[in-house]
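There are structures below to look over.
Next come two complexes built around subunit A: one with subunit B, the other with subunit C.
What follows is the complex of A and B.
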């Protein structure tokens, strides 16, 4: 599958190591996507990596990606300045299907950069807010400087009746919010577990503990969904790079229900 | 604001406690209010209180050679303090209200006395304190993993 060419329209810093890029197709239409899907994003001459789409599924132009620079490819992508042409394949993978939560409560649990893949689903819920009962966004980051999307967090709480709770692992005295881990927020948020859909995204260990915290609150295992990360190459189920036992994360995932993942992520060496 | 006898039975910490026990522990409780900036206690001071926070925010911190470091924050419906339960009954951290804070303050010696007089109540309270402690310990351990820090 040949990548399509997209040009960087804008690049905005989110944190010290993370930037959000807006991309437009050089030719052809915008890239329609479901919240939770990813693209294979190519920095020409450097490499290609999976990056979730962090924009609005109802307004797919521009294509929005939030990228944390952790290695050669992500650094090249995050550092791409306006005018740079990048390759895009996709969108790939399963989405959050947040609509399954209609009529009940939806709880988003995000850790670090994990808020980026959840943002499209949060926007989807906000756009049809009356279809859902209680909605909570529970977000943990390392420090206050590592928090993404401060404007969005404020807007979701202020304009869309979303319970937004934020916590950081390390906060100095100037930080006015919570210090602690995100699982503590799950224990305290005001949702009814029996009618909740829980969507979790972040580092794998954080997702494991957050899923357990949701189960402790009475959320059913098949109503908890996690977005898995594995190294990828083809993105379309051919190469096997992203295999997680019987699943290819690129096509069966990245979003998978906890009841399917439980035997896989609670064991070492998978 | 609800009275202490109205408030406590609905609090998760006291959930499931017999009415007669709630009545007993209520005898050790008073309402307490702290201004923003007011210190609740200092590290090393005698610890003879247990707080249930009704509203506000309290910062738990410790002093290092380079300054004070925030370890945790305590918010509405959280409980604070278990040093009253076991010798040497000393606070191991500093605690300061950063917002207007209201709490129910329990007298530790009074609670201990009631627990000793009625071991069944003692066991029920201990179970709850240990649960709160184990939640804090679990959080501290997860935080040690530095989940979002340097790329893994």
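What follows is the complex of A and C.
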């Protein structure tokens, strides 16, 4: 329950409210992690919140976190300048296990900041691109200004033969891309549902409809995985806050298969 | 070791022997009109002659007109706060010129004298079978997967004197949950000694069963006589009579499936019209384990730290995310509590989270009864099935 100290090495802006920090341990080795896992990140004297890891699992130093400033703690974290020491506990939870998609297609469906937890898995696939057939990244954001990782999106498409499709809820005058919801991208992307592993991360309602859209394309329920968000405090299944019926989302999740989640996320307030 | 027999003076000798070994002895006392656990040094502090009347939303002490030391049902609080204090320091940190330092060790220094844990090791006197089962459940929850070091240390050091329940309350249902009324080895947490109070006129005595070497050692320090066949039979009679006087009943067969299937039952809305979401039930429940963390700082912000405090799934902010509350309605919170306790707990820990102590029924200000609501859900499910 005691945090390790990490120092902020760099901080770069992604959007108006989101920044990506690179952190290195003050003492001890780097934080090995699986793509999809999260840490509890502490701003000293302010508090601690769960943030997914968005770096490269094969090169865990530096520890990379993309943080959207939405509350007092995440504001303090996103605003931490180079040299600031933050506390880190973890990594916690289950990963995407994207390797299960080897030999077939992999479809990543991201909504908003939901691209951050998927990024390590996308990098994992790009690093072993020949092991996979068709790979698609389907990404929806609120506005063009909210799009994360523009460089990555271009690189994945240009250098790693990834089908990258982007849509926004609200276009602006200079926006020449698609306007609409991300589920529409699922309907038209070029993958073969029967051999697809679908990994989905975003707001819960977006994940529900994206999962349904993937099922419509013939993806099996147990081949669709969602990263669930619940109130997490301890990270080790002791505090009880993140419970989703029988699951402690911080330990049994955050990544859970859709066949397990289907009866749970279709019920209000469960 | 064969069962032994002691009298009331023997109970005092037992307390003395435990105190002499350095234990803080915690036993039932009468305080504020209720049976409440507190540190004791004398048998005179036990609730001699006191019983209780318990009903949904009602608790009253009742004079028994005898000298019984343990003639009452579940007290207001179980052993939970002894091992799992309402507030615990996780760590303290200090801001330094180049960041901060964290100190996790020597938390004892940080503990106020009035904070639980400061007086360990504990000897618990008079733990009922339901509460032994609850300690066993908390052992699984708090040390089975990722050990809570402070809890584990307090538990390992503790000496437990169990007691057979002789006068169960109107809200008790330990027979339904298979957790009482008599302590049994292998059922619930291990204990060192078990007392059964025999209240025969002129022969007020206690059968003492020994279940640990430590227990035998302590009992060896005090005078006791061997138990006769009559003593053993009398103790069996106490437990048998108690088992026949359960105030409530809970059908546990298929309860998990019943609750999982009832997620959209109108029962939750009905309960919500009565439930105050006050969290009394989770506070008195001997197995509820949810906690919150509080980040604390001094005025200058140079000292900071985290405390763990009891929390409740009935609290509005329990499920708070930046987008809002997962469980905004009271009905959804009651559903969470009851479904967790009686169903999801089985999937999580291989056991039910309910020990039938009845505290959640007694201490609910709105007299909501978990056994009643379970029966309503069962009736509703049966009616659904009967539909053509």
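The working rule: the second predicted complex is superposed on the first by the 270 of 270 C-alpha atoms of A that agree within 3 Å, B and C clash if a C-alpha of one lies under 4 Å from a C-alpha of the other, contacts with A are read in each partner's own complex, and residues count from 1 in each chain.
Heads up, the rule we're going with is that contacts are C-beta pairs under 8 Å (C-beta built on N, C-alpha and C of every residue); 3 or more make two chains touch, one makes a residue touch a chain.
If you're wondering where the values come from, they're calculated on a predicted model, not measured in any experiment.
Novice: If you stack the two complexes on chain A, which partner ends up touching A:203: first (subunit B), second (subunit C), both, or neither?
Specialist: both
Novice: Tell me the contact category for A:171 with respect to subunit B and subunit C: first, second, both or neither.
Specialist: In the superposition, A:171 contacts subunit B only.
Novice: Let me test your reading of the model: by the given contact rule, A:179 touches which partner, first (subunit B), second (subunit C), both or neither?
Specialist: first
Novice: Can you tell me whether subunit B or subunit C touches more residues on subunit A?
Specialist: So, of the two partners, C touches more residues of subunit A.
Novice: Just checking: does A:240 make contact with subunit B only, subunit C only, both, or neither of them? Give me first, second, both or neither.
Specialist: Once the two structures are laid over each other on A, A:240 reaches subunit C alone.
Novice: With the two structures laid over each other on chain A, which partner does A:187 touch: subunit B (first), subunit C (second), both, or neither?
Specialist: The answer is first: A:187 touches subunit B but not subunit C.
Novice: Quick check for you: in the superposed arrangement, does A:231 touch first (subunit B), second (subunit C), both or neither?
Specialist: A:231 contacts subunit C only, not subunit B.
Novice: Thinking of the overlay built on chain A, is A:1 touched by subunit B (first), by subunit C (second), by both, or by neither?
Specialist: After superposing on A, A:1 lies in contact with subunit C but is clear of subunit B.
Novice: Do subunit B and subunit C touch any of the same residues on subunit A, and if so, which?
Specialist: On subunit A, the residues that contact subunit B in one structure and subunit C in the other are 70-71, 203.
Novice: Sort out for me which residues of subunit A touch subunit C in the complex.
Specialist: Checking each residue of subunit A against subunit C gives 1-3, 5, 7, 26, 44-48, 70-71, 74, 84-85, 87, 203, 229-231, 233-234, 236-241, 243, 245-246, 248, 251, 267-270.
Novice: Show which residues of subunit A lie in contact with subunit B when the two form their complex.
Specialist: Residues 70-71, 111-113, 140-142, 146, 169-173, 175-181, 183-184, 187-188, 202-203, 205-206, 209 of subunit A touch subunit B in their complex.
Novice: Touching residues of subunit C toward subunit A in the complex: what are they?
Specialist: Residues 90-91, 93, 95, 98-100, 102, 104, 141-142, 145-146, 148, 260, 263-264, 289-293, 295, 297, 301, 304, 306, 308, 311, 313, 318-323, 326-329, 332, 335-336, 339-340, 343-344, 347-348.
Novice: Which residues of subunit B touch subunit A once you look at their complex with the stated criterion?
Specialist: So the residues of subunit B touching subunit A come out as 57, 59, 61, 68, 70-73, 75, 77, 98, 135, 138-139, 142-143, 145-149, 151-152.
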